[in-house]
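Across the two complexes that follow, chain A remains constant while its partner is chain B and subsequently chain C.
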Partner chain A sequence: MLNKWKRVIALEGTKDIRRHKRLQTMLIILLVIGLTVWSAIGTDFSVYEVFSGVGLISNFLFLDLLPPDVTTSGSLLGAILETLYMGFVGMVVGALIALILSFLAAGTTTPHPIIQVVVRAFTSIIRNIPGLIWALILVASYGIGVTVGTLSLILGSVGFLTRVFADTLEEIDTGKIEALNATGSSYLQVLAQGVFPQFIPGFVAWSLYNLELNIRASTIIGMVGGGGIGFAIQKGIKLFQYKEVSMAIILVLVLILSTEFLTSKIRERII
Partner chain B sequence: MNPILQIENLDKVYPDGTVALSNINFSVYPGEFVVVIGPSGAGKSTLLRCMNRLIEPTNGNVIFKDKKINQASARQVKQIRREIGMVFQNFNLIDRLTVLNNVLHGRLGYTNTIKGSLGIFSKKDIAEAEEILDRVGLKKQKYKRADELSGGQMQRVGISRALAQRPRLILADEPIASLDPASSKNIMDHIYNICTEDKITAIVNLHQVEVAIKYATRIIGIQNGEVIFDGQPSQLTDRIIDEIYHNRKPPLVHAQ
Partner chain C sequence: MSELENPNENIYSLTKDEEEILKPKKDFFIKGVLIFGGLFFLFSLYELNIDYANLLEGTGAFFAMLIDMFPPNISEWAYVLPAAIESLQVAILGTVIAVVISLVLAFLAAENLAPSLWVSRIVKGFATLMRVIPTIIWALIFIVAVGLGPLPGVLAIAVHSLGMLIKVFAQSVEEMDEGKIEALKASGAGWIQIIAQAVIPTVLTALMSWTILRLEIDIGESTILGLVGAGGIGWELMRAMRSYDFNSALFITMVIFIMIFSVEMLSNRLKLKV
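Take a look at the complex of A and B:
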């Protein structure tokens, strides 16, 4: 008898929870709709304007940009290679710096909690300043060119990779670390023989993903003076050389797609 | 004969207030094969990890060969740990490294930090590691990646790693809990035979009473962080087993 009552009470409880859940979902939906309407009013967004622009866009696309000027591809090739170099160097140097920083920033491997907090805060600042801003700051001291582009990409890579590497390190199996500690190994030995082998797949995968990000970012960074294909696009737009610009955009697409293809192949191989 | 390990008034209270161990006292003598039994959550794992200070005891002493581990410096702890091999429920091998490399990890405590980090071991260590692998029947697998092995094979690598330390004491934490019955018997036989042949003292956590009775020279029963039985397997009566495993708490589900 008592058990039966208990069950009835439990059922009542689940009904309550369900009602509560439904109310929560409704509130969230209302909130999202409200925020959307509010921001649309705030930005004077109107559907009419979007459609009236379509004609102008197609004019620009088909009359000014297309067809691309294939004859310029030779001179653009140098710029596209510059972009690739910047992205690659940014990734390699960034990954090496981030490798060291991430071991200090991960809870599982840090030598001291205070070091962990300091490194996390430092890289968080670097990460939260966009590469574009770094480039603008650096142009002031190094002038326009590949140096600025590469440096801002390194900074961006360090910020991003330290975070994801540290998160990867925090997910590794601590039981294995315990096992190496139990043999009387030193801190460095545990890191190198126990942590690092588990970390390699994440290290490679994230570095390759960072290379993709860098190549996309280096196009934008180039536009504010970082050199490479971005700079060529910017120059073309300013000089109304739109056919050259469209050629450059096609080259950027080819570069990005081929990096993506290559990195995914390498990832499959290594992991 | 002097005890190899003494536990004196050992308490462990976790930061969240959980009392894992309270006032544990016993001594282990060379050559003993001690099996610690008790239900899940009784504190068996905590007890074992306090012995080599993978877990910091709250109160009390753990004395290994006249050295107080709980008062030792970080450096001394590492030196003491070299002489204590440990075997784990989940094997805890480094998956992406070879079997041989995993066994050589047992030598890290005796190897120079830089060399050890780079995975450079002496010829003598390598020869010995191969010998140990031969002994547990894994000579052919030495260049395989650890994650290519079966569970029973992985545990034999785990035992080999502990043996590579040339330990005086082996701590095994539920070494057969993740294995099928056939592998379990094989692993227990290996641990028992090797410890007997090499005169290594063993402390093994188990939750299967039959297995404990079969191998142990002495059984310690733990419940709620307290020792409630310490004696010969023959003294372990059904009533005591009942007491260890049934806390006399009301069952979780009432029958209708």
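Take a look at the complex of A and C:
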């Protein structure tokens, strides 16, 4: 008799849990729908406008934008290479700075917890302000040109890489570090012998990923005056040279896809 | 006990072959990558032709400007906060549209569900095109087509996110256990039944965490869309910087920082739950 009651209570319990779960799902769905409707009202979004825009968009795409003007590819080539160089320099300088900062920011290697908190807060500020906004602020003091583009990419790389490097450092096997500490090694010796060898593959892989991000970012940073292909695209749109713009977009496509391909090949071999 | 026959031999020493197994050519490869990277870095630096005098001068000007920026001018909050909310709304709406459309297209793109390999390839090709062109360039294209305002921003975010979501959703569908699909097929289930009964329950958590990640990225991107005129807080920042109103610019930058930072915090907590 008692057992039977227990089973009934248990059954009721699972029913309750199920009902609870279903209620939770319903609430989440309602919340999402509510947020969507709120956003649609706030942005004056109307399906009608989108569908009436489809004609305009396809007109623009197929008449103004296409076919790309291949004759401009010579002058655009310089701009796209500039974009590549900015992305690469930003990655290397950013990775070197992030390397130092991440040792200060990782719990396993930091010399002092206060330094860790300060470095983490500093890089969090850098990371959570988009690169384009950094570029906009930097343009005011450096003027238009590749300096601004490179600097804002360096900032972006430092913000991103310090975080992932520090996370990588915190995941490494601490047994080696303890062993080295026990044998009386100095801080630098511990870093060189215990930490670094385990850290290198992650360092290279994350830097390569950052290169991908940088190349994406550097194509657009030109729009606020950072040089490179973004500047060419912005200029082309302002001068209504849409066929030149589509050629530039094709070059961006080629650059991004080939970097993705190359970095994924290198990553595969490393990890 | 053959190892003990020769007590002088260190049984822990490795033969040459074993050493090569433990220390594969990876080290060599990584060194090669690093050396090539260093050389290419020097070449890029040379080609960029950075004006170092300007760099020094500009750095001074930059720090002077940073000091100049304080204190932030919050008097225009009545314009800035609605613009921030508009950015948020643009991001939410764009992401929702992208998620809904990608849910349909991802099943056509996944090779194990697609009606034919060609359909999968075509959908994936379109997804790559949408994903590779940056959001802000999409915004420029849509501005030319439909005019200024939040609408081109929503469309730009939707299109760019759609490209990425199709790719990752299709990947998670392709990674799922084939057995479930086989079982349903064997029992005579149709395409939609297979998706509803086997695929969606299996990949739901993956889809949700990708969606949260994408929303996080989109909120970051929607703040900059205003720079080209697609609505939101970016436009306010552009205006403040153009008129050298650095104190307002600092306030707007702080609002953007708080937006993105709190979204990062929130999504970290959500990820733990999912």
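The criterion applied here is as follows: the second predicted complex is superposed on the first by the 248 of 271 C-alpha atoms of A that agree within 3 Å, B and C clash if a C-alpha of one lies under 4 Å from a C-alpha of the other, contacts with A are read in each partner's own complex, and residues count from 1 in each chain.
In this section, a contact is a pair of C-beta atoms (placed from the backbone, for glycine too) under 8 Å apart; a residue touches a chain by one contact, two chains touch by 3 or more.
All values reported here derive from a predicted model rather than from experimental measurement.
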item	value
Partner chain in contact with A:Phe45 - chain B first, chain C second, else both or neither	second
Partner chain in contact with A:Gly107 - chain B first, chain C second, else both or neither	neither
Contacts of A:Ile200 with chain B and chain C, given as first, second, both or neither	both
Partner touching more residues of chain A, whether chain B or chain C	C
Partner chain(s) touched by A:Gln189 [first = chain B, second = chain C, both, neither]	first
First (chain B), second (chain C), both or neither touched by A:Asn128	second
Which superposed partner A:Gly34 touches (first chain B, second chain C, both, neither)	neither
Set intersection of chain A contacts, chain C complex versus chain B complex	200
Parts of chain B lying in touch with chain A, wherever the complex brings them together	52, 54, 78-82, 84-86, 88, 90, 92-97, 105-106, 108-111, 113-114, 116-119, 158, 161, 165, 254, 256
Chain A-touching residues of chain C, taken from the complex the two chains share	26, 29-30, 33-34, 37-38, 40-41, 44-45, 47-51, 54-55, 58-59, 61-62, 64-65, 85-86, 88-90, 92-93, 96, 128-129, 132-134, 136-137, 140-142, 144-146, 149-151, 153-155, 220-221, 223-224, 227-228, 231, 234, 237-238, 241, 244, 246, 249, 253, 256-257, 260-261, 264
Residue ranges of chain A in contact with chain C within the complex	32, 35-36, 38-40, 42-45, 49-50, 53, 56-57, 59-61, 64-65, 81-82, 84-86, 88-89, 92, 124-125, 128-130, 132-133, 136-143, 145-147, 150, 200-201, 204, 216, 219-220, 223-224, 233-234, 237, 242, 249, 252-253, 256-257, 266, 269-270
In the complex, chain A residues that touch chain B	3, 173, 175-176, 178-186, 188-189, 191-194, 197-198, 200
